[in-house]
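So that you can tell them apart, the chains are marked A, B, C, D and E in the order they are listed, and the count of residues begins at 1 in each.
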Amino acid sequence: MEALFNLVPLVVFLPVLGLLINMLFGGRMSEKAIGTVASAASGLTFVVSVLLGVALWAGHGHAEVVPFAEWIKIGTLDIPWNFRVDTLSVTMMLVVSVVGTLIHIYAIGYMHEDVRFKKDEKRFQRFFVFMNLFIAMMMILVSGDSYLMLFVGWEGVGLCSFLLIGFWYDMDTLGRPSWANSNAAKKAFIVNRIGDFGFLLAGLTMFWWFGSVQFGEVFNKTPFIPESIILAITLFMLIGVAGKSSQIPLYVWLPDAMAGPTPVSALIHAATMVTAGVYLIARSWPLYSAVPNAQFIVALVGAVTALFAATIAVGQYDIKKVLAYSTISQLGFMVAAVGMGAFVAGMFHLVTHAFFKALLFLSAGSVILGLERGHHHLAHHGPDSGQHEEVFDPGDMRNMGGLRKRMPVTFWLYMIGTLALAGIFPFAGFWSKDEILLEAARNYTVVYVLLVIAAFFTAFYMGRQIWMVFFGRSRHAAAEHAEESPKIITVPLMVLAGLSVLGGVLNLPGVHTLTHWLEHTIALAAEHGAEVGGFLALSWGGLNPVVALVSTLLALGAIYLSWLLYGRKPLEAGQKDPLKKILGPIFTGMENKWFVDEGYRAAFVDRYADLGRFLAEVVDGRFWHDFVHDKLIAGTYNWLSKIALDRYADQKGIDAFFNGLGELIKRISASLRRLQNGFVRSYALAVLFGVIAILGYLLLK
Amino acid sequence: MDFLTNPLNLVTFSPLVGVLLLLVLPSGRKNLLRWTALLVSLLTFGLSIWMLTQFQAAEAVAPGELHLGLSLPWIQVAGWNITYAMGVDGLSILLVLLTTFLTPLSILSTWTAVEERVKDFMLFFLLLEVGMLGVFLAQDLFLFYIFWEFTLVPMYFLIGIWGGPRRIYAAIKFFLYTMAGSILMLLAILYIGIQAGTFSVPELITALPGLYASGVIALGAQMLLFLAFTAAFAIKVPMWPLHSWLPDAHVEAPTAGSVILAGVLLKMGTYGFIRFNIPMFPDAAVKAAPWIALLAVIGIIYGAWVCYAQKDVKKLVAYSSVSHLGFVMLGLFALNAQGMEGAILQMINHGLSTGALFLLVGMIYEQTHTREIAVYGGLWKITPIFGSIMLVVSLSSMGLPGLNGFVGEFTILLGAFGSQAIGSPWFAGVAAAGVIMAAIYILYMFQKMFLGPEGSIVEEIKKHGHALRDLNWREIVIMVPLLVFIFWIGLYPKPFFDLMAPAVEKLVEALPQIVH
Amino acid sequence: MDLGIPLTHYLLVSAILFTMGALGVLIRRNALIVFMSIELMLNAANLAFVAFARSFEQTTGQPVFTGQLFVFFVIAVAAAEVAVGLALIVAIFRTKQTIDVDQLSSMKG
Amino acid sequence: MDFTLILFYVVAGVAAATAVGLLFSRNAVYAALFLVLNFACVAVFYLLLGAPFIAMAQITVYAGAIMVLFLFVIMLLGAEKLPRGGILPWQRPLAIGAAAILLAEAGYLLVQRVQSAAVLPDPGSFENSVSSLQQMAYLLFTDYLLPFEVTSILLLVAMVGAIVLTRQAKGAQR
Amino acid sequence: MMQFDPNDLNSILPLVVLLGWACVLLLVDLFIPKGRKGWTAILAAFGLAISMGLTLGRAGQIGSGFRGMVVQDGFSTFLAVLILGSGLLGIALAYDYMRRMGWERGEFYPILMFSVSGMVLMAQAADLIVVFLALELLSIPLYVLAAFGSPRPDSEEAGLKYFLLGAFATGFVVYGITLVYGATGATALREIVDATFAMGTPSPLLLIGAALIMVGFGFKVAAVPFHMWTPDVYQGAPTAVTAFMAVGAKAAGFAALLRVFVLAFPLLQADLVPVIWALAALTMLVGNVIAIAQTNIKRMLAYSSIAHAGYILMAFVAFGDSAVRADAVASALFYLLVYAITSFGAWAVVIALEKKDGRGLEITDYAGLGRKRPALAAAMTVFMLSLTGMPPTLGLIGKFYLFRAVIDAGQIWLAVIGVLTSLISAYYYLRVVVTMYMREGEPETTREPWLDLTWSLAALATVVLSFLPAALFAWASGAILRLF
C-alpha cells in the first residue's frame, strides 16, 4: 500500500502526457481521438487519486511526502519539488479529477459544436491541450509540499485560466470580431497577479521568519514566531485568496471570465481553480488558527462577498453571469467558513459546490448550445423570420423561456443543480451550507447574518433563473427551435447530478466522514464540534434544527418570491424585469454590478494608463530623453561648440542662436563678435590676454 | 604555447578565425559569408562547451576559484605591472556560455534580414563576440578595460550602419553614454593600479583589504572608486535614470544587434558589479546597497510602467529590459547568496527571454516593416507557431513559474527581502509589485499583437500581394534552443545554480558583516 | 660712478618699448608695421638683456659678454626673420594686392 | 644731476616718443623712420651700457640694413597708407587696455617685487673696446661656436626661403 | 686656444649630417630637372634616414658638447627619432601630393630638413640661447613651408599668420630668456638651476621669465589661449606640411618645455602648477569643444591637435616633482609618439581625399568612403578611435600611461577633465566615422604608393602596437632627461 504513494507524480504527469500527445500529434488526430486522449489523461488521474486515497485510508490517514526533484537550492533556501499526499490534498485531487474528467467528456461534445458555431475547427485541439494543462497545474497546486510549489500551480492555473478565457480571443462572446474576450482574459490574469503579489509577499516573509516554505517546517515553527508576523503573512495570503477565489475587492475578473467556453467556466471558474484560495487557507490552518484577528477579517471578507455578489446575481440576464456571481457568492461562503476556522465545513462546501456548480454551468452550456442549434436551424430553415440575422445572444435569459419542453433532460438536471445550490433538503448544498451557517452562528453573528441573507438571495436568483429559462413562453425564435443536447453532453451531467444529490453523504451530521478524514491533516477539525450555549445547544452532531430550519424556510420563501415575480406571470419578449419596477435604482445598481468595474476603471485602470503615458511621454520622453539628453547634454555640446565657433567667426550662426535670447545678450554678443572675429590681430590679442592673465596671477598670487 | 592552447583564449579568439576568413572571402558571395560566420560562431560555441567540461573538472577540485586561467606578464616596464590574465569562475562561466550561445542564433537571424554589406556585418559581429568574451574572461583590469571599450566599436557600427531611420543618433548616443561611464572607470582603474601596484583582479582582491585597513585608501576614496566603477556599469546596465540611451539603441539596432545588446552587452554592466565593484570595494558596496537597491526598485517600477505606454513593440521590449535589469541589480546588492545567485541566473534569463523577444519582433518586422503595436492584432490565428512561441517567451519574461524568469525573480526577491545590506524588506516588497506590472505590459503587448481581431497590417500586407507567413524552419531552429533553455532553467535550474554557487558563496563570505 | 643709472630705469624703458611693440602688433593693420612692432619688441628685450649683463659686470667686477653676444644672435635672427617675413608680405601683396592683415581672414572658425 | 642720467632720460623720452610714433603714424614710411630713430636711441643705451660693439651692430644691421629693407618694400609695394576704419573697432581699446595692464604688471614687477637697488656703472668702466671686441670674437668661435653656426644656417634658410617665396609669386603672375 | 673637440661634433653628429646633407641637397637640387624632383625627395629621405640611423646607433650614448650647450641623452634620442621619423613621413606624404597640387619645388625638401634639424637641435639644447636659435631654425622653414602652397591665398595667408604670430610669440620667449638671465645671470640650464637653488626662493624675475618662455612654447605646441593660429595655419598650409608641423613642431615645443622646465626650473613647480593646470584644462576644453563645430576636416584635426596638446600638458604639470616627473616625462613622450603615428595616418587619409583648390576637405566629402575604399575608411576609423582613446588602438594605451602619470602626480581633477573632454572628443571623431560608413556618397580618392604605405602602416602600427606596447613603454621611460 505504501508503494502507492509513489504514484503521486502521475497526477501531474498524466495530464502532461495527454497534452503533449495532443499538442504534437493532435493536428493529425480526429476530434474524437483528441477528446479521448485528453479525457483519458484526466480519467487516469482520477484513478491515481483514488488509489492514493485508498493508500491513505489503509495507512490511517498518515500523510506522506514523496520527494520528486530538487528545484531551487541556494544557501539556506532549499525548495525541492515534493509531493504531499495527505487527506486534504487527496480530497482536492479527487474533486479536481472527477469533475475534470466529467467536464472533459462533456467538452468533447460541447466543443465539437462550439468550434463549428465559431467557424474555427482547428481550435478543438488547442482546447484540450489547455484543459490538460490546467489539470496538471491544478494538481501541482494541490499536491505540492511547499508554499512555493503551491504558488507554481497557483500561477499556472492562472495562466490556463487566461488561455481558456481568451480561447476565442479574436471575438466577443457572440462571435463578433472584438477585443472583448481577450480583454477579459487579460483582466483575469492581471487581477490574479495582484493576488499573486500578495501571495509572493507572504512567501518572502515566511521564508525569512520561518527559514523555509515547506508546509511541515512552517507549521512546526508557527508557535515560535511573533504573532504580528503571522498576521502579516496571513493577510498577504488573503490578498492572494481574494485574487484567486474572487473575493472582494478582486472578484471583478470572474464575471468577465465567462467569456471562456462553458466547460471552462464550469471547471476552472466554478469547480476547481477558484477554490484554490479556500484550499490555501485550509492548508494554512495552523497559521490562521494562530491569529484570530486574521480569521475574522477573512470571514468577514467572505461573508460580505457572499452577500454582495448575490445581490448582483439577482440583476443579471446572462445565464452564465448569474452563475458567475453565484459562484463568487458561494466562494464567499467557503472563505467565510475557512476564515472562521470551520475548515471542514469550508472544504465540504467546496466539494459539494464543485459538483452542483459544475452541473449548473454545464447545463447552462447545454441550454446555450440548444439555443445555438435553434438559431442555426433558423438560419438555414427559417425564411420567415429576419430575427436570426441580427446579433443573437444565446446566453441571454431574455431570449429564452419555455425550454422545459424543448430540452427536458437539461431542465431536470438544471433543477437538481438549482435545488442543491439553493440549499434545499436533502440536496448536497443543504448539508454543506448548513454546516457553514452553523459555524457562523457559533462564532460571529455578523457573518451569520450576512450569510443568511446571501442564502436568501441565492435561492431567489436561482428561482428567477429557472422561471425565466425554462418556464413561460419562448421569447425568441431560437428558443422555440432549441434542441436537446446529445448524450455525450448529458451523460456527464447526469453523473454530476447524482453527485449533487448525494454529495451530502460525505459529511452527514453525526457521521462526519469528511471531518474524520480531514482530521488527519487538520488537527483542529474535530474541535469545532464543541457545544456552545443558547439555542445552539440544540445542535445534534453538527446539525442545529433552528439554523437548518431558518435557512430552509428562507430558501423556500425566496423561491416562492421568485415565482411570484417571474413564474406566475412569465416575462414577455422585450418586457422589463419586474423587479425593476419594485426596486428602481437599487435594481439598476444590481444590473450594473454596482458600477464596480466602472469605478475601478476610473480609479485604477485609467489612472495606471495615464501615469504610464505620463512617465513614458513626459518623464522619459520629454524629460529624460528630450530634455536631459537632447537638450542638456547634447544641447550643451552644440551650444558650447556654437558659442566657441561664433566667438571666432560664424556671424550667421550666432544671430540664429541668440535670436531667442533677448536684446541685451544679442548686443553683447554682437560686440563680442566684432571684437573676436578671427583676425590675426585678435589672435595676438588672445595671446596677450593669456600673458597678462598668467603674469597677473603670478604677480598677485 | 600556453597562450595558444589555453581554453579561454581559444574560446575568446576563435571568432577571429572567422574574421580572417571573411576578410579574404569575396563580398558578393553573401551566403558563403553567412555560413562562414555561422560555422565559426558555432565553433566558438563548441569550444565553450569544451571549456565548460574542463571548468567542471577543475571546479570539482577547487570549487569557487578561478579556473583555466593564465597570467602572462604583458607590460612589466616603467612601473607598469600589467598581466595578460584570463580566468573563469562561477560568476562568469554562464555569461560566457550565454554569449557563445546567442551569437550563432543572432547570426542565423540575419540570414534574410541583412542583405547589405553582409561581409562587414559579419565581421563586426564576430569582433563583437571577441570583445564580449574578453570582458567576461579578463582578470586584469587593464585587459578588461580594453575589451570593455572595444565592444563599443563593433556595436556602434552595427547600430549605425544596419540600424533603423534614426540609427546614427542612436549609435552615437550609445557610444557616448557608454564611454562617459567607462572613462571615469578608467581613472579609478589607474588609481587602484598606482596604489596597489597591480592590475590583476585576484591580486587586487587580496591586496585591497590591506590597503583599506592601513588607510592607504581611505573609506572616502573607496566610495569614490566604487562610484567611478558604478558609473561605467550603471550606464551599461542601464540603471535608472541612466537608461535614456537604451530605448534609442534598441529601437534602431538591427535585430541581431538588439539581441546581443540586450542579451549580452547589458550583462557586462551587471557582471562588472559582481566581478569588480562588490569584491574590490566591499565596504562601499555595503554602504551603497540601499541606494542602489532604491534605484533598482525605481527602475523596476518605472520601466514596467513606461512599457505599458509604448506604441512601438521594440521600444516596449527595450524598456522591459530596464525593469528586468532592475531586478538583477536588486539581487546583486542584496549581497547574500540568494540575491546574487538569483541575479546571475536572471542575467541569463533576461538574455534568453529578451533575446528571444527581440528575435521574434525582428521576425515579424521583417515581414511587415512596422513595429507599431496598434497595427497588429489577431496574429495568433494567422501565425500559430509564432504566436505560441511568443506566448511562451512572454510568459518567461513576466516570470511565470515553471519558466526561467520566475526562478530568477523569485530568488532575487527572496534575497532582497531579507537582505541585511539593503536593510529593509520594503524594497523587495515594492519590487514584487513589478510582477504585477510585468503582467500588465506583457499581456498588453501580447493581446494587442496576437489576440483580438485581425489588425490593419494584415490587409496592408495583402494589398502588397503577400500574406503573413508563419515561422519558417530557419526561424524555428533559432527559437527552439532558446525555448529549451527557457523551460530547462524554469523546471530544473539546479545545474545552473551549481555552476555559480561556490563562487558566489565565496564572494558573500568575503563581504564585511553588516551590523545594524 | 655712484651717480650711474639704476638698472630699474633701463628695465622700465625696455618694458615700455616692449609694450609699445606688442600694442603695435595689436592695433596696426599694415603688415609691415606689425612686423616693425615685433622688431621693437625684440629690441626691448635686447636692451634689457644688455642692461642685465651690465649689472652682472658690476657685481662680478669683470666684463660679461653674454649680453652682447645674445643681442648679436637676436639681431641675426631678426634679420633672417625679416628676410622671410618681407618675402611673405611681397608674395601676398602680389596675390591679394594688399598688406592689410585684416584682409587676411578667409579662414576662420 | 649727472650728465649720463640726463642723457638717459632724454634718450628714453625720445625712444618712448618714437615708439608711440610707430604706433600711431598713418604712413608706413613715417613709421619706419620712427623705428629707425628708436633703434638709434637703443644704440645710445648700448653705448651707455658699455656695449659699443652691439651699438654699432644695432646701427648697421638694424637701422642700416633691416630698416632700409623695410623702406624698400614699402616703396616697392606702394603700400604706405591703408584706408581708415578697421573691421575691428573693439580691437583697439581692448588692446590698449591690455597693454596698459601689461605695463602696469611690468612696473609692479620691477618696482614692487624686484626692488633692485643696482645702479649701473658708467660707460667707461670695464671698457676696452679693442680687447673686448677681440674677446668677443674669440668667444663666438669657442664657447658660442654652436649658436654662431646655427645662426649662419638660419640666415641661409631665410635666404632660400625668401627666394622660394618670391620666385613663386613671380611664377604665379606669369 | 681654439681647438677642435671631437666630442663636440660627436654630440650633435646626426644633426651635423642632417644640416650638411640639406646644404648639399640645395645644390644638388639645382641639377635635378623640373618634374623629377622626386629624386630630391628621395635624397632628402636618405639624409633623414642616415641621421636617424646615426641617432639610433648612438642611442645608448649620453654626453654633452659645446661647453654644455647641447646634450645627448635618452630624451633627446627619443625625440630625435620621433622628429626624424615625422620628417620622413612628411616627405612620404609630400612626395606625390605636392606634385598633384602643382606645388612641387625642389627646395621643399631641404627646407623641410632644416626645420627638422631645428627640431632635433631643440631636443638637445641645454642653453637658452640654443633653445632660442633652435626655435627659430625650426620655425622659419615652417613659415616658408606653410606658405608653400602659394599662390593659393589660403596657403599664403597661413604662412603670414603663422609668421606674424610666431614672431610675436618669439618676442615673449626672448623677453623671457632675458628675465631669466637677469635673475640668474646665466643662459645655460645647468647654471640656471644652480643659481635658483642658491637663491632658495625663486625670484619674481625668474618666475615671470619662465612664464614668458612658457608662453612662447605654449604657442608652439598650440596651448590655449595661444592656439588661435593653429586651425588657420593647419587649414591653409599644404596638408603634408600640416601633418609634419602638427607632429614635429609639437614635439619640439614639448621637448623645449620639458627640458627647460624640468631641468632648470624645478623650484618653480609650486608657483607654476596652477598656471599649467589651467592651460592644460583650457586647452583640452577649448580644443575639443570647438572641434565639434568643424566641418572642414583639416580644421577639425587642427582643433584635435590643440586638444592633444592639452593632454600632454597634463603630464607637464608634474615637471618639478622629482618623485613622479620621470614617469610624467615618459608618458608625455609616449603620448607624443602615439599622437605622431595616429595623426600622420589621419593626415595621410586627408591627403588621399584632397583635391586641387581645397576641395575634398569637408567632412561631408567623406560620405560613402566605407563602401568605396573599405581599407582607407577602416584606417581612418582606426585613427579616429585612436585619437578618441578607444581600443584596440595605441590611443588608449597612450591615455592610460598619461592619465596614470597625472593621477600619480595627484592631479585627479585634471584627469577627470581630461577624460570628460575625451568624451566630448568622441563626438566629433565619431562623426567622421559616421560620415564614412553611415552616409551615402561618392568620394573621390587618390591612390599613391607612398601615401597608401603611410596610412596603412600607421593604421597597422596603431593597432598592432597597442597589443605590444611594452617595448615602447620601456623606450619612453628610458628617455631620461639629463643635466650635465
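Keep this in mind: a residue touches a chain if its C-beta (ideal position, glycine included) is under 8 Å from a C-beta of that chain, and two chains touch if they have at least 3 such contacts.
Source: prediction; values computed, not measured.
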item: Minimum number of chain-to-chain contact steps, subunit D to subunit E; value: 1
item: Shared chain contacts [subunit B and subunit E, defined touch]; value: A
item: Maximum centroid distance from subunit A, chain identifier (CA atoms); value: D
item: Closest chain to global C-alpha mean, per-chain Cα centroids; value: B
item: Comparison of A-C and A-E by number of C-beta pairs in contact, larger one; value: A-E
item: Inter-centroid spacing, subunit E versus subunit A (mean Cα positions, whole Å); value: 76
item: Cα-centroid distance, subunit A relative to subunit B, in whole angstrom; value: 36
item: Subunit C and subunit D, separation of their C-alpha mean positions in angstrom; value: 5
item: Inter-centroid spacing, subunit D versus subunit A (mean Cα positions, whole Å); value: 100
item: Per-residue overlap in subunit C, given as positions that touch at least 2 other chains; value: 11, 18, 21-22, 25-27, 29, 34-35, 46, 53, 55, 69, 73, 77, 80-81, 84, 88-89, 91, 94-95, 101-102, 104-105, 107-109
item: Multi-chain contact residues (two or more partners), subunit E; value: 129, 133, 136, 140, 143-144, 147, 150-151, 159-161, 164, 168, 204, 208, 232, 293, 427
item: Residues within subunit B bordering two or more other chains; value: none
item: Which chain pairs touch, all of them; value: A-B, A-C, A-D, A-E, B-E, C-D, C-E, D-E
item: Residues of subunit E that touch subunit D when the two form their complex; value: 1-2, 8, 12, 19, 23, 26, 65-67, 69-70, 105, 107, 110-111, 114, 117, 121, 127, 129-130, 133-134, 136-137, 140-141, 143-144, 147-148, 150-151, 159, 203-205, 208
item: List of subunit A residues in touch with subunit C within their complex; value: 645, 648-650, 677-681, 684-685, 688
item: Residue numbers on subunit D that touch subunit E, as the complex places them; value: 109, 113-114, 138, 141-147, 150-151, 153-154, 156-158, 160-161, 163-165, 168-169, 171-172
item: Sites on subunit C touched by subunit E in the complex; value: 11, 18, 21-22, 25, 31, 34-35, 38, 41-42, 44-46, 48-49, 52-53, 55-56, 66, 69-70, 73-74, 77, 80-81, 84-85, 88-89, 91-92, 94-96, 101, 104-109
item: Subunit A-facing residues of subunit B, complex; value: 173, 241, 243-245, 247-248, 302, 305-310, 319, 336-338, 341-342, 378, 380-381, 395, 400-402, 406-407, 410-411, 413-414, 417-418, 425, 428-429, 432-433, 435-436, 439-440, 443-444, 447, 450-454, 492-494, 497, 501, 505
